[in-house]
Amino acid sequence: MSDFTPTEMMTIAAARQLTSKDVCFVGIGAPSAACNVARLTHAPDITLIYESGTIGTAPDVLPLSIGDGELCETAVSTVSVPEMFRYWLMGGRISIGFLGAAQLDRFGNINTTVIGDYHHPKVRLPGGGGAPEIASSCGEVYITLKQAKRAMVEKIDFFTSFGHGEGGDHRQRLGIKTKGPTLLITDLAIWRPDPETKEFVVRSLHQGVTREMVQETCGWTVRFADDLEETPPPTHEELETLRALNERTRLAHSGGKAA
Amino acid sequence: MGKIVPLQQAVAENLKPGDTVAFEGFTHLIPHAAAHEAIRQGIGDLTLIRMTPDIVYDQMIGMGLARKVVFSYAGNPGVGLLRRMRDAIENGHPRSIETVEHSHSAMAQAYEAGAAGLPCAIFRGYKGAGLKAVNPDIRSVICPFTGEELAAVPAHRPDVTFIHAQKANRRGDVLIEGIIGVQKEAALAASRVVVTVEEIVEDFAGLHPNLCILPHWTITAIAEVPGGAHPSYAHGYYDRDNAAYLDWDKVSSDREAFAAWMQDNVLAVGPEAFADRVKGLRK
Amino acid sequence: MGKIVPLQQAVAENLKPGDTVAFEGFTHLIPHAAAHEAIRQGIGDLTLIRMTPDIVYDQMIGMGLARKVVFSYAGNPGVGLLRRMRDAIENGHPRSIETVEHSHSAMAQAYEAGAAGLPCAIFRGYKGAGLKAVNPDIRSVICPFTGEELAAVPAHRPDVTFIHAQKANRRGDVLIEGIIGVQKEAALAASRVVVTVEEIVEDFAGLHPNLCILPHWTITAIAEVPGGAHPSYAHGYYDRDNAAYLDWDKVSSDREAFAAWMQDNVLAVGPEAFADRVKGLRK
Amino acid sequence: MSDFTPTEMMTIAAARQLTSKDVCFVGIGAPSAACNVARLTHAPDITLIYESGTIGTAPDVLPLSIGDGELCETAVSTVSVPEMFRYWLMGGRISIGFLGAAQLDRFGNINTTVIGDYHHPKVRLPGGGGAPEIASSCGEVYITLKQAKRAMVEKIDFFTSFGHGEGGDHRQRLGIKTKGPTLLITDLAIWRPDPETKEFVVRSLHQGVTREMVQETCGWTVRFADDLEETPPPTHEELETLRALNERTRLAHSGGKAA
């Protein structure tokens, strides 16, 4: 398929990284779409957990909020929120946590708290929610983000959640035992941290994307892998699955009325 | 305990100016009707606790009733930012508010510790997180067995917690089903507990033994308010009004539009308005 | 994960000599069949954790398989003392055992902390209690907000936990109903989890969303053993065999009577014997 | 009624102390019988909680164990054991905790752990179970016990649960905020602590019991109140209720077969 949007590519590229063995802590938006596309295609046995307490959920449409009724109705079990954070997240049972970002730096540190000074913010963002502990408790963290210079910055205004800090072994030095951000999927590229410095390096460009396009939408000087690849475009099945899911979602959220 | 009264009375008797109060609900079962009643009664100077302050706290803050908000995620779920809360924080309109900010994990465990009568919650969290530097309520203890540094936050102990639930029975026991969130903990952590319910039934005979039930002697007052969670939802009764959440983004983006909306939809009506609002959302 | 196998295999593959193991159940759903299988396989040098070691640990201790017991109440519920455990502690027969003794509250919270991946549990407890002086695993931390001294105990992290449950489905999800005790926590705290169930059903369609379910990926092995809790009971399946608990007091009071009973009722039979034992107790 | 046993009197005297407003943490044996007699007579709305997680239970027969099916089947809610100890006991929601004792001293300190030295015990008793925290977390503690010199001792061998320690304000000095033992009901008498010293003082003798009988079965020198009363004997209703409960229990536990 060659007729797809960058957001569709981002979602499908993220979906491909998931397997039936994964237990994912899912956020709303692109992560939710990616996880459910994976479940509906190559990873039917993937376990999806939303922080509202819904474990092993299999929604037919994407939830608008983290606690839509659909999640509970299709879950294996729905537990309290304290239990969710204690036994399931902190208990180390989640293999992959998905995070988005208002601001992201090259080491996978994320800001969703404020733009500007914390005490006198220019923009008060929603805050971290589950992110501070998702970042440290999940086996690894996948980040999805649409590229933009204001989003991918040299220095984030606030450390909502810790990625690789200053890079290198900063996580280990803080006593964090999990891997942290191991994957960044944007609308333009797939990035992975350098094994040593932990700086995100572009490993694969989506079809039709140039190095310049990546650099122009990123606030730091981008490193590209020597063996830079091209992301395979969405297959027919992937794209149809995602679009059908989005269409079902649109219909459900507009009360079943076609727009 | 657990006496069944009109909502006006339940709010008037249990919420006082200056109180620390939690209107809890995690997307599901958010006690909108109770919050609107508090707004109508103009009870101010409140410290508002909630994991996910959303529309309902945006409204209370926009009406100038809050002096402090303790929270972990302040957004309109699935839509965007909270514009009245932003206006208060960024511009001090209609008054400046103090914020005490945590992670979800910390907030959930602070309620849990409150329910357990403990002074603090202790957990593995906030590693490398910036909130530690701006919230003096985030401290640490050392595990006496492993030497590991663990995060500590004070327990939540609201003066009063408001929740919305599916059912109460005549004796005043309360049933919560579906996404139960942190409501049991928020209720048990509080000095007083006010519950709005979709309906009052004779008894709970035949229920599964392991459901989330708050016994009558843990509840201060119960008010029957069908639709009382709208635009949030009540599992088994009606769906979430997603359009209302989207609309709120527009209403709240403008101070005058907000004031007009509050006049028409909150100040000029009573709790009975909620039943109508969910008519088209019932299954 | 959650593979369905014969009990012999589930025990052989998951319990090793020297392991720290919990066979949990709070009066209800005690995994007798699994413990008997462990006894038949002669897996020894075990550290046994349980809030309420009762008949089943009395049997394991009497057979010399335990080197240490971590517990909070060692009795034959409603009947009296545990005579084989007493013989081990008081007389070193058949071998001396080490004991690590806690309160129920501490044990329950140590499992809870284990399930939460924490190194320790922190709570208000042991005030004025003598166990603090004899158990070096009871320590304290100071609340960084109030200065209150709180008790601390290490989290339980068994190598393997055995529980008995009502149902598993084909995928390996496990349902526990009724008095759920500390089984979810004991399971989630362990490296490996073995579950015996009354029956395996196709799926769990139609269950209430808030029941106690362990998803298949948290379980190592499942064995179908109808009656596997006997003489304990399984809510919805069969009643407690109170007579068997009373009889145990006599059997266990004499070393030879004990040996003969174990030969006849454990060593010489297999897990299939349990179905017969509950025939007269089914509702 | 004048034809009753000392154990019946003990149970009924304990039952009388309870009201419909109480929330009781109930142990097996005499406390369970007392609480259920209260529920079936003058305190129909009393809340009974057993540590197995059963809240607001109303059994038709007395449980043999703390976790009989009958408790769950008649409960308002059955919660996990960690929740029971955290939210319900430690949370300070229980007004009255009942404790028995293998050894008891005059200050309400209890031993159910060992007779003899802890590390080389003469008799290894079951241990404390919930008692250490019942003693400190419940609003007040009621103790029931059949009098005997080996049970009511000058000095207990082990402090399983703390009563008033050395007496006086010892509880407060340890930072314990609850009242501790406020009532001791034996088969012979009703005792209450002296307001100052906290030593148990006999306030009421059961019908037919003499001071000598109390002293002969108690290992410490007994103090009697100046205004010593006589415990009203069981009423017809009380005794019939208790006996019917015991008979139903006997039948149920013998499998419905009349002995």
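Chains: A, B, C and D, in written order; residue numbering restarts at 1 for each.
Definition applied: a residue touches a chain if its C-beta (ideal position, glycine included) is under 8 Å from a C-beta of that chain, and two chains touch if they have at least 3 such contacts.
To keep track of the chains, here are their UniProt names: A, D = Glutaconate CoA-transferase subunit B; B, C = Glutaconate CoA-transferase subunit A.
This structure is a prediction, so every number in the text was calculated from the model and none was measured.
Counting hops only between chains that touch, subunit B reaches subunit C in a minimum of 1.
Any chain touching subunit C that also touches subunit D appears here: B. When the interfaces A-B and B-D are ranked by how many C-beta pairs touch across them, A-B comes first. Our note on geometry: subunit A versus subunit B, Cα centroid distance of 28 Å, whole angstroms. Per-chain Cα centroids separate subunit A from subunit D by 57 Å.
Chain centres here are Cα means. That of subunit A falls 40 Å from that of subunit C. Within subunit C, contacts with two or more other chains are made by residues 112, 116-118, 123-124, 148, 178, 180, 184-185, 209-212, 235. Taken residue by residue, subunit A touches two or more other chains at 72, 78-79, 86, 90, 137, whereas all remaining positions touch fewer.
Interchain contacts give a graph that is no line, ring or star and is not complete, per the touch definition above.
Listed by chain label, the pairs that touch are A-B, A-C, B-C, B-D, C-D. Interface residues of subunit C, counted against subunit D in their complex, comprise 26-28, 51-52, 71-75, 77-78, 81-82, 85-86, 89-90, 101, 103-105, 108-109, 111-112, 123-131, 134, 148-149, 178-182, 184-185, 212, 233, 235, 239-240, 242-243, 245, 280.
Listed in rising order, the residues of subunit B touching subunit C in the complex are 116-120, 122-124, 137, 139-146, 148, 150, 152, 154, 177-178, 180, 208-212, 235. Considering their complex, residues 112, 115-118, 173, 184-185, 188, 204, 209-213, 215, 217-218 of subunit C touch subunit A. Every residue of subunit A that touches subunit C in the complex is listed here, in rising order: 23, 47, 55-56, 72-73, 75-79, 86-87, 90-93, 137.
Contacts from subunit A toward subunit B in the complex involve residues 28, 51-54, 63-69, 71-72, 78-82, 84-86, 89-90, 113, 118-119, 121-133, 135-137, 158-162, 165, 170-171, 174-176, 253-255.
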